[in-house]
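In this document, chain identifiers A, B, C and D correspond to the written order of the chains, with residue numbering beginning at 1 in each.
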Amino acid sequence: MSYNTFGREFRFTTWGESHGPALGATVDGVPPGVKLDEAYIQQFMDRRRPGTSKHTTQRKEADAVRILSGVFEGLTTGTPIQLMIENTDQRSKDYGDIARAFRPGHADITYQMKYGHRDYRGGGRSSARETAARVAAGGVAQAVLAQLLPDLKITGYMVQMGALHLNREAFDAGAINDNPFFLPDATAVQDWSDYLDGIRKDQNSVGAAIEVLVQGCPAGLGAPVYAKLDTDLAAAMMSINAVKGVEIGEGMGAAAMTGTDNADEIRMGNQGPYFLSNHAGGILGGISSGQDIVVRFSIKPTSSITTPRRAINDKGEEIELITKGRHDPCVGIRAVPVAEAMAACVILDHLLMDRAQTGGVRGQIG
Amino acid sequence: MSYNTFGREFRFTTWGESHGPALGATVDGVPPGVKLDEAYIQQFMDRRRPGTSKHTTQRKEADAVRILSGVFEGLTTGTPIQLMIENTDQRSKDYGDIARAFRPGHADITYQMKYGHRDYRGGGRSSARETAARVAAGGVAQAVLAQLLPDLKITGYMVQMGALHLNREAFDAGAINDNPFFLPDATAVQDWSDYLDGIRKDQNSVGAAIEVLVQGCPAGLGAPVYAKLDTDLAAAMMSINAVKGVEIGEGMGAAAMTGTDNADEIRMGNQGPYFLSNHAGGILGGISSGQDIVVRFSIKPTSSITTPRRAINDKGEEIELITKGRHDPCVGIRAVPVAEAMAACVILDHLLMDRAQTGGVRGQIG
Amino acid sequence: MSYNTFGREFRFTTWGESHGPALGATVDGVPPGVKLDEAYIQQFMDRRRPGTSKHTTQRKEADAVRILSGVFEGLTTGTPIQLMIENTDQRSKDYGDIARAFRPGHADITYQMKYGHRDYRGGGRSSARETAARVAAGGVAQAVLAQLLPDLKITGYMVQMGALHLNREAFDAGAINDNPFFLPDATAVQDWSDYLDGIRKDQNSVGAAIEVLVQGCPAGLGAPVYAKLDTDLAAAMMSINAVKGVEIGEGMGAAAMTGTDNADEIRMGNQGPYFLSNHAGGILGGISSGQDIVVRFSIKPTSSITTPRRAINDKGEEIELITKGRHDPCVGIRAVPVAEAMAACVILDHLLMDRAQTGGVRGQIG
Amino acid sequence: MSYNTFGREFRFTTWGESHGPALGATVDGVPPGVKLDEAYIQQFMDRRRPGTSKHTTQRKEADAVRILSGVFEGLTTGTPIQLMIENTDQRSKDYGDIARAFRPGHADITYQMKYGHRDYRGGGRSSARETAARVAAGGVAQAVLAQLLPDLKITGYMVQMGALHLNREAFDAGAINDNPFFLPDATAVQDWSDYLDGIRKDQNSVGAAIEVLVQGCPAGLGAPVYAKLDTDLAAAMMSINAVKGVEIGEGMGAAAMTGTDNADEIRMGNQGPYFLSNHAGGILGGISSGQDIVVRFSIKPTSSITTPRRAINDKGEEIELITKGRHDPCVGIRAVPVAEAMAACVILDHLLMDRAQTGGVRGQIG
């Protein structure tokens, strides 16, 4: 199985190193006849790209995406779509003095152990730069979903940053795009900003937790037993750089619950069955129930901080490492659009998987 | 992609419904020349099977596994291994009066919506009975690992059951197999037993959290970007019935950490690099580092409790549901051997994936 | 990728050795709600099984197929279908004195070189006994196709046996099931029978060529560039034991043709486009055109003949080998139902692949 | 499964339309540490590219390949390699008046029926231009094989062109690169040239047959039952544009043979077993035997000839079609380097597949 390909029906393969000439995604399995152009994808790139606020990394990339194939006269042809993004602001010299050091908390050492030869500049293939390609692929997925599932809505937002937690009572989706934290609570933005300024000045970094809400997903998506919808959503998020935990619905909290609290009871309405609660997070037995799907994941803090750390280099010498250059005090912020992209890819993938096996026909109830 | 197949090199496809004549696993990609027989696999089946303590379900299955192919004169041939387990104690009458009801918290309704036709007896394919087949496949994986990675050790245990948490200070791996909870703390067993008796008498159930520790995994396993070792471990656990969250290392707790706390510093020893801590949980950039790998997941409480619940049936009528019959007050207990089996399958899969691409040769450091 | 799995959406994995207790197929990706029972599949098994005429092998197997999962109350559930066939007439002693010899023309030696350990009895996994499992899987495919493509008709027949060729002028599909050769020409049956009797008495064997005609296949099936319909049909036939060549339409003969002869001109009729010829064999650019699809393949002669042959054994000793026991003077005869089964699996697979990507909607012409 | 991806371990996904800005291949699963640069791949591109002789198409493309990722400091990193070739000489106006016509013998009509929307310029994705990307991927495979199997030698050549057949008695591999036909017989080149000149002047085209000889392939490659080496070689060749038949060893001729003629007897030598003949074409039971592997395939004549043909357009109107512009009177010539590339990819793929399952260890004989 491709190690750099995600998906089963709607598939994309990403390529490119952080400091190579370009990176991109080869997207295959795309339904034909879908309206798509570079500007449409670019909107998703812009939400992600570095340099959009003082809190994210200072590397300035335009992240302009080009479509090199698979689209003709504004519509997809069903053939592979090559998306390419050129790297313009690599600043290789930033990494000059740690060229062969293995940075603690980074994949440098494991890549060296596995491959024996790596492009170390900027972390090479292990860099989060790769997520730019995912977001581009996610843009294609969104274009298809806009046509096949017009009621679908995917919304990502931060729920935690270090010591700070989202106040769910104050949840306001309308605030998400108006602050640099994708925070659904305008009243907390100043506190979050002050907090992160403090972290940066301490030459430190913090972790984060992000939640993605999927509304309007039809029932019946998911393919038990080993392509369950929650399995694929979990894998999608876990594959993002620095992710350490994934939850669906109640998540790790389900361990403390009792059966009386946890089961979502069912009633019948004019439009069919409906549930009285949603502890399941919209997925039962690996198949969507029609309710809101809730996925949440944690991102560990950035390791490339500028306080000295004990490390080794590729000669096996013990060194003290200070990483200079541009780094995020909280990489979690930029993962929000990446998570939305992954969710879009998974939902579309499962829509196509479902129609392969069942033709999209649903079983009757009542 | 097979929806009922797990793995990329070492692959198994499970089949069988809870109340069908049999269930099993077709295991492919097995290295030849490995010592294997039914008794070896049976030991793993026995750890899992129902009726082994008063706290697990009262369905009495021998779970005797038969090897129908792929093994000759006690050694694997490299051809597919068919493992079959006959169902002997279905008690279809237990499910008689809920035959067409959709039990809250179960996959009944989503299976009906997706497939339109389901084997409802005992939950059919959505039943945790399927995990018996996984454990059998895991037995094959363990046999291969015993030969290819003799230092590997996979240990699963409970860390939480409802309101009770493992006291990590008292951690004693030697206690795990001496109590019905796979609890690594002999001193807490009585409390856990009393607690669960209370839950059962209340006609209720509780969730659980399980941890799997993998020791002796070599560095270099895992295939970025979309077959990372942690991604596959997460997917493996998330695919188990009733799992709602998965964590690697610090897991969801990484969101609250700072960079100074989180990075595992590196030093050089006589036998190569070593780390001063293990917040990463043994995996960096999706590739194993040689340190202990720690995976943890939550299981939601059983829904099949005997207190009345509001539900509907397949005619669309609203009903009140009491499920009689045999049920687990805590399904999490039986998931421990299942989790170990999944971990074994993932590690072996990645060992073979790695040797496909790199021949198993590691890069030099120093 | 599974090495023992065929297909992409409609997939089956075969298992079982020639002299093991059983063999079978695990079929996954099956649409739900399709009428299916053992008797339906058994009709395809009966067309194939040994001992049905004096000209095929004398091993007497009932080839009774059992359905162990995936079907409930006479309809498929969309979950994996386990098909099992028990071996009852192995006659292991027939192979006693060649137990460790490598028979010329057989896979004995290559299996030993690759795997190092093999079940040598009856050829183990390399035996054509495996095709019984394919035919069972093909039966499931036929059941689905009967519902999804009721106009589809798959007909296999012999076109050559050693020195004898089908007289295409006398082609009569109605004759196929009335003679032991699946020959579409009743007038030639006696000649074929006499010829083959002569071959057997000479302790020799002959090759064969088989053609499969697929009528009523809708246009649009096939997924360029690497899952073209003709590619998958070729792979399907080439995977059958002893196949050495595969042709689509004009086949190898296309090398001698000119462009003026070869292109199929297009006209417009009341029901849409139609072609004035069919040199293409029903497939253009890897996609079906709606015309009859013609696939043809050759099978080499059986090697297990009873005249002495120079060989070696697994000690590396040179020996003279006479194979006793039951053998086919022409294995090609029994491959006809196998080829039909493979064609059914491929067509169904592509039907599902197509509906995944396009929803089955066709582009307009005129 | 990716519809535009070839391979299982060593995989490449091609992308790009004939008249798009570029085309290319995303190559994944590449072993790290292999010496590779653009010049190495370019040599294979140059053997294939149009305009290299008066007999091949007049479209002039430099086919300069760029490596955009996966290689660092001259060695592969084990990460995906993006190969890109820019299109520079599309001459879209050549296709102006057949923009919406469906050319007989081409995939225009089937693409329209399947996808509903196609890039018609130059045949879009169905054009043989796609094979340039295959050849680039084949170049990467060759670089890896040079390191892993230095004794391997892959040689492609023409064996038939229309009415002309290679005289095998005069076979001389040294002549292949010295004439525009890749013909291994210098004495016949003038006849072939005169013949093809005649075809072109008649505004016609001819088919061809090509053979690929693989020498030095180790025994044991191939993964029965559904990833047999011959199955994958057949699929590889059948996937090339305009291929209609594929043969291994004796091919279709095996149908006429008897068992006494066909089996390759086995003897024992100082270096292990050897065969007295090679009717099998180097593959037994789907696994390589160590002997020369012989694959042969036919290519149908070009349909884009300039004599008028009856066709229809996408409005459903009947038309007479004359295709102007640049066309090959024999596309088979340019398929020789493509076939070599495909063979390289298959052999490498199987080498990696084998080492995944067996670690590359061979079974002992004697």
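Rule of thumb we're sticking to: a contact is a pair of C-beta atoms (placed from the backbone, for glycine too) under 8 Å apart; a residue touches a chain by one contact, two chains touch by 3 or more.
Not measured: the values here are computed from a predicted model.
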item	value
Steps needed, at fewest, to go from chain B to chain D via touching chains	1
Distance-maximising chain from chain A - centres being C-alpha averages	C
Interchain centroid distance [CA atoms averaged], chain A/chain B, Å	26
Gap in Å, rounded to a whole number, between the CA centres of chain C and chain A	45
Approximate Å spacing (C-alpha centroids) for the pair chain A, chain D	39
Multi-partner residues of chain D (each touching 2 or more other chains)	1-5, 8, 14, 29, 32, 78-79, 114-117, 125, 224, 353, 357-358
Touching residues on chain A, where the partner in the complex is chain D	1-5, 8, 11, 13-17, 20-24, 26, 28-29, 32-33, 68-70, 72-73, 75-82, 114-119, 124-125
Contact footprint of chain C on chain A as seen in their complex	1, 9, 29-32, 78-79, 224, 352-353, 355-360
Interface residues, chain C side, partner chain D - complex	1-6, 8, 14, 102, 104-107, 109-117, 125-126, 130, 160-163, 199, 204-209, 219-228, 230-232, 234-235, 238-239, 241, 244-268, 272-273, 276, 279-281, 283-290, 298-303, 305, 307, 309-312, 314-318, 332, 353-354, 357-358, 361-366
